[in-house]
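As structure tokens, here come the structures.
Shared between the two complexes below is subunit A, which has subunit B as its partner in the first and subunit C in the second.
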Partner chain A sequence: MIEVDVRKKVGAFSLDVAFANGAGITALFGQSGSGKSLTLGIIAGLMKPDEGFVRLEGEALVDTERKIFVPVSRRRIGLVFQDSNLFPHLSVKQNLLYGRWFAPRGERRIDFDAVVETLGIGKLISRSPTRLSGGERQRVAIGRALLSCPRLLLLDEPLAALDMQRKLEILPLIERVRDEFDVPIVYVSHAVEEVARLAACVVIVDGGRVKFVGDPAEAFNRLAHMPATNRFDRSSVLMASVDETSPAYGLTKLKHQSGTMWIKGSAGPSGSLARVIVKATDVILSLVPPHEISARSVLHGRVANIQIEGPIATIEIELKEDGPLLATITKGALEDLALKRGSQVYALFKTAALDERSIDVANAWGD
Partner chain B sequence: MNDISSAGFFELSPAEWTAIRLSLRIATVATLASLPFGIATAYALARCQFPGKTLVNGIVHLPLVLPPVVTGFVLLILLGRKGVFGPSLAQIGIVFSFRWTGAAVACAVMGFPLMVRAMRLSFEAIDRRLELASETLGASRLWTFFLVNLPLAVPGIIVGAILAFAKALGEFGATITFVSNIPGETQTISAAIYSYTQVPGGDEGAMRLTIVAVFIALSALVASEIIQWRAQKRLGNIG
Partner chain C sequence: MMKISARNVIDGAVKEVKKGATTAHVLIDVSGATLTAAITNESVDELGLKPGVKVKAVIKSSDVMIAVG
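Here is the complex of A and B:
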């Protein structure tokens, strides 16, 4: 477990954050400039806080009061950057084994073959990192950090430099790493989909302060109410159970207490739980049960709150036994539908709007 | 220049061979001996912050801007038989004055700024995040230097060494001031050419040694190009 409680001033920016992580993946979520990367740098030991402490498994890595500062190389914290930073003069294999060589002999608990197998990098072993694609490089970088047998793995926007296809390839690998190698992970990102899918716990950082610590669904609901958040980033996280798959159409039907949703692809066995992230801008509202319309996912709920910002209104819809669903519509539409608190509405969204990152099947929260 | 086309023109005399061998030995020793210091200085200037950094940088570059004769004279004052450090060095058996080792010292000092400049640029070009990556993987600063910085700076180190070697081959002013021009001991190709030009009919010998000097310098340059090209290819910067 990592405990962080630090303050640091950099120019006009002041950072003052405190949080602790649990098992699985903890996400540090925030816009760029929010201070999340600075926090990560302090944990890794790349910079010193003005004041405060960082403790890993109870051991102080930095403690300004006790004048402790453990240098980067002795912290045994794996760090994966946005651009993989593989050593260009070494082969992929030498890159992978680099950190392992420095790990104390008794602590080399992570098996080389298992990592290579999990990350699917067996074929790349003898190549030069300069001959790898972006996605391959990032996989090797994750493997390299993992093989140093770290006590904590820090992933700093590891997917940010990749295109959508590569992101979709690597996301499940990070899940496998989380599940197979018992290493606590702190994942820094500003991508809602990644955080909602991977994280067991979300720490929202904004303006150098921690605004929220808790589970992802609650985090994103909270986020929707933050004025600093771009309204196009607002999303809701819904829980649903897999009902049936229809292989002929390549679709899966999800059952929600308030209706049904359809998603692309298969989503595991019937009855398993899935997390679905719906962007507020992808939701259409209707006052009557929709028919003769192409949107396949319909949820029924009650308007709980309306928030107006200029020409745009954000509607919070209360669903049965789940967090609210957010929808952004124009002020004109709001008036035409005469929506007010307590109105019954049908929320529709296109199956095509849910990208694969929006759905996480294997990992229902709490595990 | 009356006999250039005669059969004997390209036959080097024993004295000329001696000058060539001596030049190569002095340049090689000067380059190899200053290499570790050059690398350490270049790395320190590129990566470390320490008080007096500007002063160190200035001193390193001084031989580049001073007249070589002045550098030679300073060496004489410091390391000469009656110099500041000369007598104490002589007690432990190290004598530089009027020895080929003294010529090597003069060449090393003159080549040092060129060597450090090339190496420093190479160290500065290394992505700092690679060093950070190395440290987060458990390597100390020292290990990181040997496993990351040094191998990645190899092209620059080679260029620096070749420049220093070429400078050592051509060095004249500081060497002749510090250790004089003694055939078989301190008479390098440059000094030999100078001697030839000072005697009547010496032009032919001077021309022969000039051709040799051009040949050696070109070989060194070609070798450095090849080595650099290979190193860069390995690092994936080209093709």
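Here is the complex of A and C:
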């Protein structure tokens, strides 16, 4: 259990955030300058809050009222940043063992071999970090942080500097770390796809304030309705079950109460639940069942709400047994199709446009 | 053409189909200019796309970038 309730002024910026989470990954989500990294710095002990407390399993790491401040070196928190910060003069193995050195002897509960195995870094162990790729360096950095047997792992945009292929390789490893080593994780990111896939609890931070604390599906629905949200950040989180795979085409068909979706790759055996994030700007609406078109995913629903901002309209489509699906279309299209509340529509989107980071078998939400 | 929200519907003819692992790139000739669509291999087969087939390219206006000059 992590509990944060802190206030701090830095120049003209004022931070005032409070949240708590038990199991799984807590994601701090927000744009740059929102205060998420400052919050992380306070949790890590890199800076002191003006007022407030941070508690880990009930124990205060900082509490201004009780005049408690545990220094960074004694907090036992593992940190991983965007840049892996490995020691270039040490080998991968020495870097990993350096982390281990910070764990008190009696508390070295995380096994060296298990970490190396989980992160798939066995072959790198005698190499110099200078000869690793960006993705490999991040794996080693996560391993080093884990081997310090931390009471909390703080990951600050760990994938931000990597290309999409590397992101897709490391995301499942973070999931394995979450599932196999019993360490709470706070994950800072501004990538909707990563946060929705990994987190059990999303804390949306904006302008130094917490706007929302709760599960990812609700968080992104809420985010879509915030006026400050850029339309390219509007996404819907959909749940569907695996129907069949089409190995010849490398596709998986998902069954949704309101229609069919196709995703790239595999999402587990038939019947498993999968979660898909669909960007609102990727959705096209049709009044009739679409046919002879390459877009493969079609969901049928009812217009529940229309939000117009200048030339753009965001349409909220009510689906059966799932959160709403959002579509941003032009006001011209809205008028052409004469959409209003209650209209029946078919929402279609391209399989090739779905971000692979955002597709996952649904086991990540702490259940 | 059915009534859909996408604002850009452009007539063209398939020039070339390049299949990848799951995604195919379909090059469409639009009066001399070329549009590329990334769609699944399965859609290529289902729509029977091959050079010469007449198609309509559908593009949401939020996906269009503009460069001046």
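Keep this in mind: the second predicted complex is superposed on the first by the 363 of 367 C-alpha atoms of A that agree within 3 Å, B and C clash if a C-alpha of one lies under 4 Å from a C-alpha of the other, contacts with A are read in each partner's own complex, and residues count from 1 in each chain.
The rule is short, and it goes like this: a residue touches a chain if its C-beta (ideal position, glycine included) is under 8 Å from a C-beta of that chain, and two chains touch if they have at least 3 such contacts.
In this text the structure is predicted, and so the values were computed from the model without any measurement.
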item	value
Simultaneous placement of subunit C and subunit B on subunit A, clash or fit	fit
Contacts of A:Gly33 with subunit B and subunit C, given as first, second, both or neither	neither
Touched partner set for A:Pro172, first subunit B, second subunit C, both or neither	neither
First, second, both or neither for A:Leu46, with subunit B first and subunit C second	first
Contacts of A:Gly214 with subunit B and subunit C, given as first, second, both or neither	neither
Contacts of A:Ala327 with subunit B and subunit C, given as first, second, both or neither	second
Contacts of A:Arg296 with subunit B and subunit C, given as first, second, both or neither	second
Which superposed partner A:Arg131 touches (first subunit B, second subunit C, both, neither)	first
Dominant contact partner of subunit A by residue count, subunit C or subunit B	C
Touched partner set for A:Val72, first subunit B, second subunit C, both or neither	first
Centroid geometry (CA): angle subunit B/subunit A/subunit C, rounded to a multiple of 10 degrees	110
Minimum C-alpha spacing, chains overlaid - subunit B and subunit C, in Å	37
Set of subunit A residues, in rising order, touched by both subunit B and subunit C	none
Partner subunit B, residues of subunit A touching it in the complex	44, 46, 71-79, 81, 83, 85, 87-89, 98-99, 102-103, 128-131, 144-145, 148
In the complex with subunit C, residue positions of subunit A that touch it	231-232, 246, 249-251, 262, 264-265, 281-282, 284-288, 290-296, 312, 327-330, 332-334, 336-337, 348, 350-353
Residues of subunit B that touch subunit A when the two form their complex	127, 129-130, 132-141, 143-144, 147-148, 151-152, 234-236
Residue ranges of subunit C touching subunit A (in the complex, touch as defined)	2-7, 21-23, 37-45, 47, 58, 60-63
